[in-house]
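Both of the next two complexes hold subunit A, though its partner changes from subunit B to subunit C.
What follows is the complex of A and B.
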C-alpha cells in the first residue's frame, strides 16, 4: 500500500513531465504506425497474388521481428545518428509483419465467388480491389494494425537507449538509479503509462475499425 | 405442329412454346470458338460454332466436365478464347475491352456472389454505378427490380446479404444482373445452390419474368429436367463442348439423334415429351354420354353400340358426374345417378398431355374428362390417343431430321461441285 501511495504521489508531482513524455511516446508510435500501415497494406496488396514475392516478403518481415530490439535500434545509428530516427526506422521494420500478414490473409479470405461476380459485372482489377476486396479484407487488416500498434507502443520504450524520447526515459532513469529515491516509482510510472497509452490507442483504433467496417460484415 | 392456343401457358410442368426460337435474329454468334489450356493437349472447348437467337433461352446441358461452363464464360470472356470470334449483336467483341463487354451482359452464378459489405440496393446498383448512372436513377431502378423479383423494396433495399435466405439471395442475384437492362444474360447453374422446392419456385418465377422482359439467355445446367423445363432450345454437349444435338426440347425428346443423347436424357423421355402438347390439340372421337334422366334401357343401348366400356353420366349442368359400366347398368336396386364411381379425373383444354396422363392414372375408368373452365363437358381422352400423339411427334421429328440431312447433303454436293 505504501508503494502505491508513493507511486500516486510521484505521478501527482510530475504530471507535466509525464504528460510531455507520453505525448512524445505517442507521437513516435503514431508516426511509425502511419507509415508502416500504408507501406504494409500496399505491399500486401502487391504480393498477395504473387507466390514467390509473397513468401519472401512475409519471411523477411518475420525475420526482422526476431532481431533483438536494442540491436536493431543500434544498427541504424551509423546511418542516421542518434535520437528518434534510428528508433523510428527499427520500429517501422517491426511494425510490418502483423499488418502485412493480415493484409495478405484478409485478401486471401475473400470468397472467390464474390470476386468472380464482380469481374463478371465488368469491374476492372483496380475497381475490384478498391470496391470489393479491400472493404471485405478490412476487418482483418485493422486487426493487424491494432496488434502492430500494441507491439510498437511497448517496444518504443527502448527509444531512449539510442537517444530518443518517450516514456522509456522514466524506466531507464529508474533502472539506472536503483536504490535512489523514487527509482521504483519511476520504473512503474513509465510502465504504467505505456500500458495506458497502448490501451487508449487500441480503443481508438477499435472504434475507427468499427466505424469503417460495413454493418454487413461485422 | 398441332393446333394450340396462341398464348403460351406457364405451368409447373414447363413452358409450352408455340413459336420457333430460330425465327428471331441472331443475338450471339460463336464462330469456331475454341479454348486450349495446354498446347498439344485436347482443347477444353473444341471449335464451337453456335447461334443464340434474340429472346430465347438456350440451355447448355451435358455431363460434368463437358465444358459447358467454360463455353458460357467464353461468351463474356471471363475465359479468353484461344481461337475463333465472338459476335455480339452484329459486333465482333473478341478483342474489345472485356470489362466494357461484361457491363452489357448480365451474369448470374451458382454461388451468387453478392457483396456482403453492401446493402441489397447497393448490390443491385453495381453495374448502373459502373456505367455512371446518377443516384436517383439507380435507386429507382433498384426498387423496380426488387419488385420484379418479388421482394418488397421497402423491406429489402437496406438489408444486407447475410440477412437473406438462399432463395432470396439468388433473386437479388438475378435482379443485380438485370439492373442495367442488358440484352443478354448468362446463367451458370443459377438455381443449383438451393433446395428443390425453392428451386422449382425460382424456376417458375424466372420463366414468368422472362415472359415479361424477354432477354436473350444462355443457361447452363447439368440437369436435363431443368433444361427441358427452362429451355426454348437445348444444346446437349459432349466432351469438349461438342454439340450432340441442338433443338427444341420437344424434338429432342421425340427423337434423340444418338445413344449419347438418349442416355443423357435417361428413361422417361417419352413422359417428358408429353409436356409439349396440349389437350386442345387432340382429335377427340365421339364419346357415349348420358344424362340423369336418361332411361336405363337407352343408356344400355348407347353403351352397347359404342366401342367403350364406360358410359359417362353428366349432371343437370352438363358437368361430368359418374362413370357407368355394364355392371352398374345391370344393378336395378338403385337409380343410375347413384351408382358408379364419381368422376374426378378432369383436365381443361389448355392442360398438357402430361397433366392428362396424370389425371387418367387416377381415374377408375382409366380415362380423363376434358372440361371447360366452368366444368362443363367437352370430351374424353384415353391412353390410345396419347400413344397416337407420341407416334406422330416421333414421325414429325424424324422427318425434320431427314429433311435437314438432305439439305446438308445437297449443300455439300453443291460446295464440292
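What follows is the complex of A and C.
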C-alpha cells in the first residue's frame, strides 16, 4: 500500500513532465499510424486482386514483424542517425502487416454480387471502390488499425534506447537509478502511462470506427 | 518489443509455403555470408574491432538462444496444461477470466515488464546469497538471464494458452462422443482424440511464442541477461554504426531462423491425416 501511495505521490509531483512525455509518445505513435494506415490501405487495395503481389507484400510485412524491434531500430541507425527517426521508420514497418492483412481480408469478403450490382448501376471502377468496396471493408480495416496502434504504442517504449523520446524515458531513468528513491515509481509511471495511452487510443479509434462505418452495416 | 499478434490461423497444405520452408534457410544463409563478407572488407575502428570479436558474438548468440529456448519450454510447460485444465468441465468457468488476464498482460510494454521484474525479483536472485534459487539457477545462468526468462514466460503465455483452448474447443463434439462410445475413458479421449486434433492450432501458437521470445531476448541486456542486444547497445554508446548494424542484422537473421525452425516443427509435428 505504501508503494501505491508513493507512486501516486510521484505522479502528482511530476504531472507536467509526465504529460510532456505522454504527448511525445502519442505524437510518435499517431504520426507513424497516419502514414502506415494510408500506405497499407493503398497497398492493400492495389494488391488485393493480384495473387502474386498479394503473397509477396503480405509475406514481406510478415517478415518485418518477425524481426525483433530493437534489431529493426538498430538497422536504421547507420542510415538516419539516432533519435526518433530510426524508431519511427521501424514502427512504421511494424504497423503495416495488421492493416494490410485486414484491408485485403475486408475487400476479399465483399460479396461479388454487390460489386456487380454497383457495376450494373453504372459505377466505374473507382466509384465501386470508394462508394461500395471500401465502405463495406471499413470495419475490418479499422480493426487492423487498432491492432497496429496497440502494438506500436508498446514497442515505442524502447525508442528511448536509440536516442528517441516518449514514456520509455521514465522506464530508462528508473532502471539506471534502481535502488535510489523513486526509481521503481518511475518504472511504474512509464509502464502504466503507456498502457493507459494504448487504452485511450484504442477507445478513440473504436469511436472513430463506429462513427465512420456506413449506417447500413453498423 | 515486439509482441506480434497471436494468430489462430493454421496454414493448410500449400505448395508455396512448403517451398518457403526450403528457400528460407538458403536465403538467410546467403544474407549472412554476404553481410559477413561485406563487413570483412570494411575498415573497422579499434573500438568496433573489440566489440565485434567472434567470441563475443558467438557467446551473445548462445545467450539469446538459451533465453529463447528456456522461456519457450517454460511457456509450453505452463500454458498447455493450463489450457487443457481450462477446457475441462470443471475448469471452464475460469476460462474467461484467465484469458482476460492474459490478454491484458499483452498491453504491457516489454521494456517496462523487464525492469519491473528486475526490481521485484532482483532481491530474490541478486542480493540474497543464501537463497536456493540464487544458488542453483542464478549461479548457473546468471540472475539477469533467469529474470529475463521469467518475464518472457509471462509475456508469451497468451498465444499458446489461447491456441490450446481454441484448438481443444473446436474439436467436433461428435468425434469425442464416438470415442466415448468406443469405450474410451475421458483421459483416453483427451490424449488420443482431442489433443492430436488440436495440435495444428496449438503449434501455430507455439510459433508465435517463439517469435515473441527471440524478440524479447534482444532486450535481455537491459537487465544483465546478455544476448545480441549487448552489441547493439555498445554500438549506440560508442557511436559505431557498423557495430549497431552488425548487432541488428545478426539479431534479425537469428529471429528469422528461429521462425523458420518453428515453421518446420509446425509442418513435421502435425499429425498425419489432418
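Here, the second predicted complex is superposed on the first by the 218 of 218 C-alpha atoms of A that agree within 3 Å, B and C clash if a C-alpha of one lies under 4 Å from a C-alpha of the other, contacts with A are read in each partner's own complex, and residues count from 1 in each chain.
Everything that follows uses one rule, which is that contacts are C-beta pairs under 8 Å (C-beta built on N, C-alpha and C of every residue); 3 or more make two chains touch, one makes a residue touch a chain.
Remember, predicted model here, so these are calculated numbers, not experimental data.
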**OP:** Answer with first, second, both or neither: which of subunit B and subunit C does A:127 touch in the superposed model?
**Re:** first
Original post:
Where does A:214 make contact in the superposed view: on subunit B (first), on subunit C (second), on both, or on neither?
Top reply: first
Original post:
More residues of subunit A in touch with subunit C or with subunit B?
Top reply: C
Original post:
Between subunit B (first) and subunit C (second), which, if any, makes contact with A:68: first, second, both or neither?
Top reply: second
Original post:
First (subunit B), second (subunit C), both or neither: which does A:117 touch?
Top reply: first
Original post:
Just subunit B (first), just subunit C (second), both, or neither: which does A:92 touch?
Top reply: neither
Original post:
Once the shared chain is lined up, is A:168 touching subunit B (first), subunit C (second), both, or neither of them?
Top reply: second
Subject >> In the complex with subunit A, residue positions of subunit B that touch it >> reply: 76, 78, 99-104, 107, 109, 111-119, 126-127, 130, 160-162, 173, 176, 186
Subject >> subunit A residues touching subunit B - in the complex, by the definition given at the top >> reply: 111, 113-124, 127, 132, 135-136, 213-217
**OP:** Please name which positions on subunit A make contact with subunit C in the complex.
**Re:** 55, 59, 63, 65-75, 77-78, 82, 94, 98, 147, 150-151, 153-155, 157-158, 161-163, 168, 171, 174-175, 178, 183-184, 187-188, 190-191, 194-195, 198-199
Original post:
Which subunit C residues qualify as touching subunit A in the complex?
Top reply: 1-5, 16, 20, 107-113, 115-116, 118-119, 122, 211, 214-219, 222-223, 228-229, 232-233, 235-236, 241-242, 244-245, 247-249, 251-252, 255-256, 259
